[in-house]
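Working notes for the structure below.
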Amino acid sequence: MLVVKEIHKSFGGVKALRGASLKVERGSIVGLIGPNGSGKTTLFNVISGFCPKDSGQVHFKGERIDHLPSYEIAMRGLSRTFQTSRVPRGMTVLENMLLAYKGQIGEGVFGALFRGGRTSKQEKVNLKKALSILELLGLRNSRDEYAGDLSGGQQRLLSLSRILASSPELILLDEPTAGINLTLVTELLKLIKHFQVEESKTFLIVEHNMRVISEICDMVCVLVSGKDIACGEPEKIQKDERVLKAYLGAVQRDSKEDLE
Amino acid sequence: MGGDWALFLAGAVSLAGIYVIYTLGLNIQFGFTGLANLGYVAFFAIGAYASVILSMPRPGPDVAYIVGYGLPMWAGMIGGSLAAGFFALLIGIPTLKIGEDYFVVVTFAFSEVLRYVLINEKWLTNGTTGFYGLERPFGKFFSGRNYEFFFLFLIVVAVIIAYLVMRKICNSPFGRLMKGVRENEPVCLALGKNIYRVKMKAFIVGAMFAGFAGSLYARYTTLVVPEMFIPYFTFVAWLSLMIGGRGNNKGAILGCFIFVLADQFTLFVQASAAYAVRLASLRAFIMGALLIIVLRWLPAGILKEKKVTYR
Amino acid sequence: MLTILLQHTVFGIVTGSILLLATIGFSMIYTTKRFLCISHGELLTIGAYTTYIFHVFLGWNLLYSGVIGVVITSLVGLAIARGLYEPMERHGPLVLLFTSVGVTFCLHGILEFIAGPSIRSFRTPILPSIRVGGIPLITMNEIVIISIAMGSIVFLHVVLTRTRIGKAFRAMASNVDLAMARGIDTARISMFVWIYASAMAAVAGILLALVTSVNPDLGWTQILIILAAAILGGLGSIYGVMIGAILLGVVMDVGVIFFPSGYRAAIAFALMIIVLLVKPKGIFGGE
Amino acid sequence: MFRRTRIVRRVLVVGLSLALLAGLSVGVARAEEVRFGVLTSLSGPLGTEGKPCFETIQWTVEEINKFGGPLGMPIKLFVADTATDVERGITGARKLITMDRVINIIGPSSSIVVAIMKFCADNEVPIISHWSGSTRLTTSGGEYQFRTCPDDYFEGEVAARFMWDEGFRKAAVITLDTEDTISISDALKKRFAAMGGEVVVDEMVVGGQTTYRTAARKVLAKRPDVLFPAIDLDTLKIVYRELYEMGITFTVVLASNAVQQATMDIVGADILEGVYGEKPANALGSPGYAIFEQKYREHMEDGMVGWFTPNMYDAVNLMALAVEVAGEATGKGISENIRKVANSPGIKVYSYAEGLAHLLRGHEINYEGASGSCDFDEFGNVLGYARIQQAKGGQWVDIKFYSSEDLAEAIR
């Protein structure tokens, strides 16, 4: 479904990515790991169009997408979350959710002014869908709270549910479990699994937490210094000599600045 | 005291009403979408000039300007707001994609350049002489005092229409989208929203409101000259919006009324040569201080942005 | 034609030199504080007025008065930053920008309240221009202005590359969070920035008042052109801004050979917009 | 106890009667005062120039009130500052007319006159301006709008005439981009060319620039005989100094706004030596001007007669005399009677006192003022009178006089 080929990217002389490649099969959950500063987030940014690449290719559903602007990529069904939980703080949970739906007639000035009937019909449908997702993620009771007033964990859940509402096919999650408590992590993993199985969504997840990786990922790719050094099933990767060595080595070398 | 309060207030409220429409436009640009337009007065000026030029009769041989289309006044007003919107499009193309700070500077510079153009391009704008003795809408049908109240009525109708249109836009999914762009651009991009287009639409709609307000203002003052459209006007809209409450259309209305009426009542302080200059500088000081105070201690304004709930 | 070009270029360099002094401070504030400090223009006015008070009212030597003016202005600049900008920093650049607009109105109001709107002038002797090949090219005053501008570039360069605080400033300019993480005392640098920037503004204001006049609008009329120079050179690039300022001065004064003088300022803004279209981060920005 | 109540009672009685008296006197004063509205620039772009004009109104009214005021009622001034801003001018006029019920509006600048004209006419309140020279007003007035200053066109004409008379044939013009300066310089260019002169440089400049060397260079390069800078004082300061530095080789004639004492201080008396300037005023030795000048010296600290102050003085006097003739303190009355005091036929009078004296005796009068003969044409304009002055030893010295009759003759 997603094929990333030989991506190079440097920032003012610092090479963040040197030929990173990746493959994600439809319906799978793929983990992306690597030491700090190995370029995981940069790779995410390149794939999702937030950051132009220097060279290389990204194919999604058989089409090249590496020249497209980020919103185009999102429109084609590839959505992402952000490492630091970014939420539109001044909007309520429901507003956050309703923002996500695609193809809203009322999102143009003309539609807003003159197609009130169809707009409100659409709003009703979307509202129903949004509420059911919120229900699933346990956010229904905070539907009218400002997103900025939610706890960190809830904000993460909101990011996830908002992405789900935008009905993507491939979801890029950037450290979804960072900074949330253990029970919530378990809950979250269940949800991801649920969406993989029930709604046949595909996931690509950047993660530090090995437990998460081994628990839900079908495949794991390891990125070190901007290059993928191994891909495979979690059990295999955990035992892979190269990975361990590179991983530990990189950690010891007091990695350079995190480039994100 | 035997003053004619009714007539005085008719004038003051008409003026406040024009400011309301003007500030509503800034509210959609800044309050909803977060576009810090420091050259907002430019669109006001374009609206005023375009509406006048469109409805001026064809010029005779002894004047400096050569343009004048003789359209009816209402067509001029529509044309004025369209022209303002068109210029917003032109300014938006290069600036909305680059950073916020660049947008601020370019819009600011645009409002100044526009004033130079208004002064220098005599063939179009009649230079510093401007256009004067402008007719007022339906002016033929009413006499003196009555007309002032009729004009007030027209302005009130215009304000109500403008408010309803703005409310419809802001309560729609488009309003939500603008807020999303203001709050968090990357999130909107990740949701597949073309934020550039959203900003552009908000910028154009806001400019059209400014243009419409400008075309009304030209009929209130009965003249347009370049010296009327100084950066101070931009500041007035900003201050009204900040005081009233950004992101809240009712706040914009409240802010304008507070600002214009307070300003009107300073007229009741008898001016004297010794203090007039001091008073004028004091006004500038108070306005500046008010902005600082509101930003610091009342950042949401008097009327906070309304929480949107869905049933 | 060539002599005309030469003459106008020299005029432009003088224009640019004053602009440079005014813009450096603005740019220093932008590189560390990341907001457009509109009130910077008013510091030019304060510098001019304080110097005027000591020079004309108290009859001091212009140089001494100037030094006192610079000192007072930098203290005023620091006080404004401490009292009004720093408490607002957490609200982001836009709120700071608007605060600075408010500060501009306040300062302008206070200055006009105290000094009145009338224009005043320094009592400096007016000497004929120095002629080169029969054409009047430059005056002694202007040579002094150019020298001060060049001197201040060199001085700033030395400060930024040789002193600890200068190096720390550069570190902070490139990445505030990182600088903080590395234990750089950002509060001290902030103080340095505000004092240095305000002092530069005062110098610019005094020189500007020497060639024009002391009036309450002195700084306000400059701020837009300061913004244009900063954008042209690249926001956040100190050295770029220096070149941007000189370039803007020259383009404005050479431009009026071909365009009506009424468009002199408009030429500057047009150049700015064209540069933004071609190179969105300014000529030297964004590397 | 007893004493205390007596004291209380006495205080009460005195207090009450005082209050009654005060109330009465206020009531009386209200009924018997003539309400003049002053709407002029006390701040903003014309604030500095507006101040002496406003002070002139004040002392002129004081003088008038010494005689008991028109119809024996003292004039009370209601003042609004326009800040030289159109919108504030409009709101100020509306307030003066609706709330203060003034019977006239004195002193607005051109754009504001244009903006309030209709409202004032609707409410039968005449406007009289002492400095609205704009050509926009040439044919707009007559009934409720008058001006005691000549058209800007006249100033340009005077300067052109003077330049031609002095034998200059190649003129350079630098114009600031404001309405009045542009009208003046347009008139000058047109007239000078019509006389046979040549305008070799015509530069328009923007205010607030740090240098005008480029414009100065263009002027110097063409080697004109004379330069006419139609610019404000701030700009003149820079332009003139830069020209001086680069070597002035020609004569300079200044527009009226620069012919002030302040110019000597700001630009420098030493480098201005020998420069000419034109300003609106009545002829040398005219009794109207002499009386005015003497009074001006009495009341004002600044020795030199301020820009357009004679015109302001005349405007106030005419208004007061018109009320006297009308027999009622109304705007309509002024509008209908102002020509009876300003124009011939009638005995020529040169001050308010003299005019009043004749009116009381039932004579018809013709006011001849400090600024000129003050005869209104059908559109409420007066004919222009102007003096040419020259900077000599830090003073402006009269050297020549032009009336519109002179110019009309010369043109023919």
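Per-chain residue numbering starts at 1, and chain names A, B, C and D are given in the order in which the chains are listed.
Rule of thumb we're sticking to: contacts are C-beta pairs under 8 Å (C-beta built on N, C-alpha and C of every residue); 3 or more make two chains touch, one makes a residue touch a chain.
Treat the numbers as computed from the prediction; the structure is a model and nothing was measured.
Trainee: Hey, how far apart are chain A and chain D in touch steps, shortest way?
Mentor: Minimum number of steps from chain A to chain D: 2.
Trainee: If you tally contacting C-beta pairs, which comes out ahead, A-B or C-D? Let me know.
Mentor: Greater number of contacting C-beta pairs: A-B.
Trainee: What chain lies farthest away from chain C once each centre is taken as the mean of the Cα atoms?
Mentor: Looking at centroid distances, A is the chain farthest away.
Trainee: With chain centres defined as C-alpha means, what is the inter-centre distance between chain C and chain D in Å?
Mentor: So the centre of chain C lies 40 Å away from the centre of chain D.
Trainee: Centroid of chain A to centroid of chain B, CA atoms only: how many Å?
Mentor: 42
Trainee: State, to the nearest whole Å, the distance from the C-alpha centre of chain B to the C-alpha centre of chain C.
Mentor: 31
Trainee: Please output the residue numbers of chain B that touch at least 2 other chains, ranges allowed.
Mentor: Chain B, residues with two or more chain partners: 116, 119-120, 277, 280-281.
Trainee: Could you say which residues in chain C touch two or more other chains, in rising order?
Mentor: 117, 260, 262, 265
Trainee: Find every residue in chain A that makes contact with two or more other chains and list them.
Mentor: Where chain A is concerned, no single residue meets two or more other chains.
Trainee: For a test of understanding, state which residues of chain B touch chain A in their complex under the given definition.
Mentor: 165, 168-169, 172-177, 179-180, 182-184, 186-195, 201, 205, 247, 305, 307-310
Trainee: Taking the touch rule as given, give the residues of chain B at its contact with chain C in the complex, in rising order.
Mentor: Interface residues on the chain B side: 34, 36, 94-95, 97-98, 100-102, 104-106, 108-110, 112-113, 116-117, 119-120, 235, 238, 242, 277-278, 280-292, 295-296, 299.
Trainee: Any idea which chain D residues touch chain C in the complex?
Mentor: For this pair, the touching residues of chain D are 43, 47-48, 177, 203-215, 217, 220-221, 233-234, 237-238, 241, 244-247, 262, 265-266, 268, 271.
Trainee: Which bits of chain D are touching chain B when the two form their complex?
Mentor: Per the stated touch rule, the residues are 42-44, 47, 50-51, 54-55, 58, 78-81, 83, 85-87, 90-92, 94-95, 98-101, 111, 114-115, 117-118, 122-123, 134-136, 140, 177-179, 182-183, 204, 206.
Trainee: So in the complex, which bits of chain A are touching chain B?
Mentor: Chain A reaches chain B through residues 48-50, 69-75, 79-82, 86-92, 94-95, 98-100, 102, 104-109, 111-113, 116, 119, 122-123, 127, 144, 146, 159, 162-163, 166.
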